[in-house]
Every structure is written in structure tokens, then in C-alpha cells.
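The same subunit A turns up in both complexes below, where it pairs with subunit B and then with subunit C.
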Partner chain A sequence: MELHQRSNGSVQIVDIDGDLDLYNSFKLKELVNQLVNSKVAGLILNFQDVSYIDSSGVGVLIYTNSLLKTNNTPFRIIQVHGSVRRVIELTKLIGFLPIVDTEEEALKQVSGKS
Partner chain B sequence: MNWLLFATKASVVILSFLFALAFRVRVDERHVAPLQYITLLWLFRDFLYLFLPSPAVLFVSDLAVLTGFLIWLRTYTGSRATDRVWYLVGGIASVLAVLDAFGLPVFIAPARLIVWTFAVIYLGTAFMNVSLYNTPGAELVTDTRIVLIGSWVAVGISSLLMGYQDLVLLHLIHAATYLSVWYILLVNFQLVHTMNELTILNLKRQEATLFDFMETLGEAIAERKPIKNILQEVVSTAVRSTEADGGTIWMVQEESGVLRLSAMEGFYPPPFPCPEGTKRKSSAVEEYLWNVQIPIGKTPLGEAVSDAEPIFVKSSDDDERLSANIDKDILYIKSFIAVPLLVEDRVMGILSLVRRAQEAPFSDEDYGHVRTFANHASMTIDNYYTYLEALEKREIEREVNIAADIQEKLVPRSFPKSRRMEIGVYSNSARGVSGDYYDVLKLDDNKLGIVMCDVAGKGVPAALVMVMIHSILRLIASPKRDVAATLTWINRGLSGQIDLDHYATMSYLTIDENDMVLTYSNAAHHPLMLVRNGSGSIEKVDTQGLPVGIERDMVYPQKRVRIQQGDVMVLYTDGIIEAMNPQGEQFTIERLTEVVRAHREGSATELTKAIRSSVEEFVGSARQHDDQTLLVLKAT
Partner chain C sequence: MATNEIKIDDNNPLFSTQGLFYKEFPSDLRQVRYFTLLIVQKSPPEFQEVNLLEQQISEIIKNAIKHGNKQDINKKVRVWYGFDDTSARLIVQDEGPGFQRLEEWNEFLRHRNEAFEQQDFEEMAKYISYRSPDSAPDDGGNALFAAVEYWNDGVVFNSKRNCIALKRTFRRKKKKAPGVAVGQSAGAE
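Right, the complex of A and B next:
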């Protein structure tokens, strides 16, 4: 799995490429911690190129959500599809995690808040 | 002049010629040839002088010899436009001297002296202008030029004092100047020897550096020092072994694709323009370096990365790549090396060194040394990364194994006896990602409590969640407390206690054997599958709620269902319906439903066996990565 960082204004967008599983989801957790420490103004995780997630991956999403909520930093997850969406649906987390369809929408919501 | 004297002089010259032939060590053909022509010229002029004893022969040939030396010099420096003046003056003087010899008194002794003075000054300046910095490899010139110029001055002065055809001048001083070629060649021989010793010393130094470096790195790796320390070790070794003033390592950032400073030793002025404010203090420059991001392809460092080619600027004087560093201030760089750290064809980063003293640029040997060193360093760094990854993986696996042991201890070995319920369980641990946990409790004589649970995350933390659920459940489960409250309490007990990336989906249900009422509450686990006796209709029993461990204030609802004799209830985890065959297809809930429906007449144990063999048949030889757990209840 690879994490590609880019920014739109003060919002950080992380494009995740590959599987988010037991062996690498900690990398995402580390990156999120790093971004929170550097006082990021908003975070969007792009799941367009993620086709597999396991429970440790979902765990990191829950962690990220709650960490950013505590820090009052807007957070969105975008482009969740296929089996990744199914896994999140099954665990009834669709409503819990801030998932929106497109980057445009996410940016609008995130920038509006910050 | 007689033949005997000529023979003496000739033998000196001939020996010089042969000597030059023999000593083509290190010096290549184009440097030796002019010296050989000079000896031949001397031989020819002495021979000519036997028959034509005119000062013109001596004078013209001396000018020719000087021209020979000038040509020799130019084999090192390349040709110069100003030499045309020399050829013009020499040519005119020669013509005049020859005319003089034929009786036209136009070129007498004082004129010769003037020309000779001009000659010595012109050649002397040309020879003295050579330095090792502007003309690499010209050690032979710089080491012999004083003697050469001295011999020309001596010839000039003695011909002024003694007259041009004095016997002493002709046979002693001239002969002595012939030895200058011997001298050059001897110095050459000595130079070759010194060079060899230097090379050996240099190689030894390289070997020692590499050895020390490998040893230090070995220790650092054994102690599992962070990569930052390793890079620091690399850069300080490089700086020490090349006597550089400063050095840096910049690593390519995987996520953003820019270069960032990773290690620095000594003082290193950036080889690119830096903000006005930082220019004055070295600490400000350092601060700036630690924060700057260099796009790949920009600045000399970025270019060396994008081209995957090293850069060597011996002197910033004549190289525009260091235009930001030519003012003699704090940012001045004399000499610059940047070598990419390559693994196969991938550039991981770049090692760069600078020297700042005006008179001491890096030598070609230094540059070669840095390149060899960078090669070894990249290999080591790459190996270290691979090693860390393997270690990390091994650690995760070790934890997973510990977790699996805990999991094994928690699940029940046998089930409490029940009057009206049969229980069948199949559980297969995959030592992979998730921890399945199930339990059957006898709450009182008439009540069973059953839990099915799937803990997310990995290793020991996940196993601890499992232990906590097990403990809280054992502590609070009672026939009086209803199912929803039990689940709500478990959630409250877990939330805030565990890392948020660990959570669990779980179902909890009780069955009252007096009135055969099943009460069910679900924290985002798979719904209970209820197959009715007789009709064979299938109901999904489910309630709302997040997994436990996420939201402390979650209140779970519950559902009551009356069950009849012959009804079958199935609880399962992801591993069952996501069991994968070699084609990558999943077992799916549809297949599970199919099997349950087909075998619902059998006992709970038979049904469990049927599902198990169906799953096993489906997956065939494919390796499973998730725990599989299945629990079947049947009302009797």
C-alpha cells in the first residue's frame, strides 16, 4: 500500500493506493498522527484505489475520525466503493464515519467548516 | 669546433633522446614528443655548426628550441592565441639573423639580447601561469619550470658576457642545458613514483573508511537505531574521509516526492539561492535547510536525483550551477560533490559534500572516493530498510501468535448441559487478522447466554479486548439483567479503555427454556439466522447499533422472539461467509443459507458438520486468512 499526499489549500488529501490491512494500516495511522501534530486544517482520505480493507483498516478509520473530532478538525472519507463499502456497511459504520461521494463535495464541506 | 667536441655534445643529446624514449611512464605520447624533437634539434644544430660556424645557427636554433618547450607546455594547457605574437617575433628575428649571417649587418648582438629577453619573459610568464588548479596533471611542468627558466636566463647572460661563440658557452653551458631534458624526465619518474604511493595511500584510506563505516553501521543496525542515526553516520564518515567542510544527505519523500534534509555534518551552504534573511548567520542557514523542500529536478541536488547522475564541480569559479555560491560570504562554496544514493535504478536520496577554502578544491580522487562510498552506503541503507520491514512483520506475527494462544484459552472447551437446546460449534483459527470469540454461559437452570464476537485489529491489543469482553460478560451476565443492558454495559466498559482502532462486533442472546423466548441484541455483528421448523422460512433477527468500543454512550436495543421445537438458529463470523476458494470467490451468505435449509432436519451437531464440510469443500486448498466460527442452536 502507498500513501500519496497532496493538498488543496490548507486541506490535506491522502490518496490511498492498495490494500488497507493488518500489515500496513499502521502506516496510515502514523501519517494521521503526524498530520494532526502538524496542525492540519482538514483531512480527506481518498479510497478510490483501495479494493480491500480488513478490520484493522476499519479500526484506523474509527481512530482517525475520533482523533480529528477531538481536535476539531474536519474529516471526510471519499470514493468508498466495492467490498470496502460492504465491509463498512456490515459493521454499521456507514452513518458513523463521515463518508461522502466526491472530492468536490468533501472539499466544500471541509473548507466550509475550517 | 672539432669533431671530438661535437661527439661529446652529441652523445649527451642522443642519450637524452633515448632516455625520453625509455621514460614514457605516465606521460603520454603527446607530452614526450616535443622533448624528443628538442633533442633532435640540438643534434642537428651542432652538426650544422661544424660546417657553418655562424652565430645565426645557434641563435635561430635556440629560438626553435624555446618554441619546442612552448609547444610542450601547450600539450598541457591547450593552445593560446597570444602565442601568435611569439611566432611572429621569433620568425622575424630568425629571418633577420639569417640575413645577418649572410653579411647584411642588420641583426647584431644587442638585438639578439632584446629578442632573447623577450623570449625568456614570454615563456617564463607562460610557464609560471600554470597551476594545478587551472591545468590538472601538469605537475611535471610546475616541478621543472624553475630549472628550465633558469637555464634560458643562464644562456642569455653568458652569451651577453662571453660573446655568442665563446668556447665555454658552446661546449659547457650549451651542453649543460641539454641536460634539462634529462632533468624533466627524472622528475617525471619521481612524480610517477609519488603518484603511485598516493594512490596506494588513497586506496588504503578508502578501505579503512569503508571498514570503519561498515563496522559502525553493523553496530547501529544490531542496536536497531533509527534510520536517521544511520544516515548521520554515513554523512559524518563521508565528511571526515574527504576532509570536506560540510555534508548533507537528502532523502526522497515517498508521499510528496520532494527532497528533504535527513542528516547534516559540518557547515553546508545550500547550493541554491536562499532567503535574504537567512544569509547572515550559519544557524539561520541550518534552520532553513532543515525546513526547505527541494522539488526533484530543481537545483543541483534535485537535478542529480532526476538524472540519477552524480555532479562534481571542482571549482565554482567557472561553473554556473553554483551561481548562488560565488560571493565570498557565508554561502561561498569552492568545490561541490553530489552523488545519488541508488538502489538498482531507484534514487533513494542524495549525498552531497562541499569544500569552502579557496585554495583547496576536491580532487578527482576525492570524487571517486565519495562515489564508491555512496554505493556501499546505499546498499547498506537499503538492506537496513528490508531488515526493518522483515523485523516488523515478524513482530506482528509473533504478537498474532500470542493473541491466538489467548483466544484459544478463552473459548469454552465444553458446553453447559441444557434440557431443550442442542449446541453445535465449529471454529477454525487462521492466525490472521481477527479474533473470533464465542462463549456459552449457563445463567441459571433455565437460561442460557450465548455470545458471538469478532474483535478487530491485531495482536496482543486485540486479544486484550477479547479478554476484557470475556471478563465483563462473566461479571455482569445474569438471568435478571436483560440482553440489551448487558451489551450496553460491555460497550461502556470497553469504550475509552481500549485504543479506538480496536473494536468488536458482537451478538448476545439469551434463551429462556421455560417459555422458549429468545432475546437478542446486536452490536453490528452478522444478524442471527433463524430457520423455522416446518415451513423452513428464514428470518434475520437484527437490532441497530455500532460495534462495541467506539461510542461510550451507545444504548443498544433488543428483540424478543418466541421459538418452537425444531427451530434452528445460526450465528457466524466473517470467516465463514467470506471463506475464499482458489478462484477468489467467497462462500457467501446465500450458500450458507442453502446448506442450513438443506440440513435443518438434522441435529445441531450434524448441521454444524454439514456446514463445515460444505465450507471446506468450497475453499479446497486455498489458504484462509480469517478465523471461521460457527455456532448452531437447535430447539428440541
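Right, the complex of A and C next:
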């Protein structure tokens, strides 16, 4: 799994490429911690190239959501599809996690409110 | 909506191993995806969402390795599995002391489901991940929440609580009626 960072204004977008599971989800957790420490203004996680997630990966999403909420930092997850979306649905986290369809929509929401 | 929970029942028919395939694996987390692929290979080609099936089987095996056998490489995970046209069955047994906090987990699930049904996400946040004193930092604490939804024909432990049996029944593919335009087929999941 690789994490590619880019910016749009003050918002950080992380494109995740690969499986988000027990073996590597710690990498995302570490990056999120770094971004929070560096006072990121907003964060978008792009799941377009993620086709597998397990409970550890879901755990990191829950952790990220909680941490950014505590820090009052806007956060969105985008392009969740296939079995990854089904796992999140089965875990009843649709609605709880801030999932939106497109980057454009996420940018609008993240830039427009805290 | 009825709240799913995990029951304890040694006599549950889901524990019957008749007609099932059998494999045993060492408690090696690094190999779980490989083990699971060996199992899923036996599923009928008509099955859709095979990735999800693989993911759900691998969660149960990971639980057995992590929480049951505590990753002791000398302890084995025993797996029985079988598929027919419309269902998948799985039995996973570890050599650990059993899931002694099952009642607490079921209670936790009840609260979680109630909050979800009311779409009360503030309340749900209190029940979002199940943690016990044995939980490791990389434990998601949510695998069994998905399991009780996915394995829609039952999730049951034996009385020693170190063996779990699960069954999922898939929806049958809808046949196209001749001369009638059909949109998206519901398909087996």
C-alpha cells in the first residue's frame, strides 16, 4: 500500500493505493498523526485505488475521524467503492464516517466549513 | 429490526462438519490472505462479491490467530468450509481459552445497533469499536460487527467459545423473463 500526498489550497489530499489492512494500515495512522501535528487545515482520503479493507483499516478510519473531530479539522473520505464500501456498510459506518462521492464535493465541504 | 447477536449452542446444526472441506493452518498472520484464498477457490464461479467473502473469512481466521491462539505459531487454526449454489459455510476453531467476554460483546452490539437504528451518531460513537483489556492497538474492534451482518444465516460459538460456526445464504440470481427488459440483475452477492 502506498500513500501519495497532494494539496489543494490548505487541504491535504491523500491518495491511497493498495490494500488497507492489518499489515499496513499503521502507515496511514502514522501519516494522519503527522498531518494533525502539522496543523493540517483539512483532510481528504481518496479510496479510488483501494479494493480491500479489513477491520484494522476500518479501525484507522474510525481513529482518523475521531482525532480530526477532536481537533476540529474537516475530514472527508471519497471514492469508496466495491467490497470496501460493502465492508463499511456491514459495519454500519455509512452515515457515521464522512463519506462523499467526489473530490469536488469533498473540497467544497472541507473548505466551506469546519 | 431484530438485533443480531452471537449465541452459544453446541448442538447447532452449523457445527456439523459433514460434507465440508477441512484445512488446518499455523497461527501465522502473514499467511492469512493466502490461506483464505485456498478456501475461497472452492466457491462456485457464480458467486459474486468473492472479494467480500474472502475478506469476511479472513477476519474470522485472523480473530482465531490473534485473540484465540495469541499468535503462538505452535497452535493451529482448524477450518471447515463448504459452498453450494446459494450458501457458504465456515467453522473456525482455535486452541485458545475461548471468547469469555461474549455476553459483554453482545450487550455492546445491542447498544450499537440501537444507536444506529436511531441514526444517533453521537451515541453510536460510544459503541463504535469494541475494546477489551486484551485488545492490541492495531485491533479494529469491529470485525464481528460486520460478521453478524454478513453471515446472515447464523453465527454461533460452542460452549468452550473457541469454535465459531457461520453461514451465509446468498440471494438467487433473478432469471430474465423472455421479452421483458430487465435492468440490473440482483444477482447473488
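Please note the rule applied: the second predicted complex is superposed on the first by the 113 of 114 C-alpha atoms of A that agree within 3 Å, B and C clash if a C-alpha of one lies under 4 Å from a C-alpha of the other, contacts with A are read in each partner's own complex, and residues count from 1 in each chain.
Please note the rule applied: a contact is a pair of C-beta atoms (placed from the backbone, for glycine too) under 8 Å apart; a residue touches a chain by one contact, two chains touch by 3 or more.
Quick caveat, the model's predicted, so the values are computed rather than measured.
J.: Clash or fit: subunit B against subunit C, after overlaying the two structures on subunit A?
T.: Superposition result for subunit B and subunit C: clash.
J.: Could you say whether A:E2 touches subunit B, subunit C, both of them, or neither, answering first, second, both or neither?
T.: first
J.: A:S66 in the overlay: touching subunit B, subunit C, both, or neither? Say first, second, both or neither.
T.: Both partners.
J.: Look at A:Y52 in the shared chain and tell me whether it touches subunit B only, subunit C only, both, or neither; answer first, second, both or neither.
T.: second
J.: Going by the contact rule set out at the top, does A:S10 touch subunit B (first), subunit C (second), both, or neither?
T.: A:S10 sits against neither subunit B nor subunit C.
J.: Taking the superposition on A as described, I'd like to know which of subunit B and subunit C A:G82 touches: first, second, both or neither.
T.: Only subunit C is touched by A:G82; subunit B is not.
J.: Identify the partner contact of A:T102: answer first if only subunit B is touched, second if only subunit C is, both if each is, neither if none is.
T.: neither
J.: Of the two partner chains, subunit B (first) and subunit C (second), which one does A:L90 touch, if any: first, second, both, or neither?
T.: Both partners, subunit B and subunit C.
J.: Between 59-67, 77-85 or 419-427, work out which stretch of subunit B sticks into subunit C after superposition.
T.: 419-427
J.: Subunit A residues touched by both subunit B and subunit C?
T.: 22-23, 25, 54-56, 58-60, 62, 66, 90-93, 96
J.: Given the complex with subunit A, which residues does subunit C contribute to the contact?
T.: Touch list, subunit C to subunit A: 29-30, 49, 51-52, 55, 58-59, 62, 112-113, 116, 119, 121, 124-125, 128-129, 138-143, 145-146, 149-150.
J.: Quick one: which bits of subunit A touch subunit B in the complex? Just the residue numbers, please.
T.: Spelled out, the residues of subunit A in touch with subunit B are 2-6, 21-23, 25, 29, 31, 54-56, 58-60, 62-63, 66-67, 90-93, 96.
J.: Under the definition above, what is the set of subunit A residues touching subunit C in their complex?
T.: Answer in residue numbers: 22-23, 25-26, 51-60, 62, 66, 82-83, 86-87, 90-93, 95-96.
J.: Please give the residue numbers of subunit B that touch subunit A in the complex, ascending.
T.: So the residues of subunit B touching subunit A come out as 254-256, 393, 396, 400, 432-434, 454-458, 499-503, 505, 524, 526, 544-547, 550-551, 574, 626.
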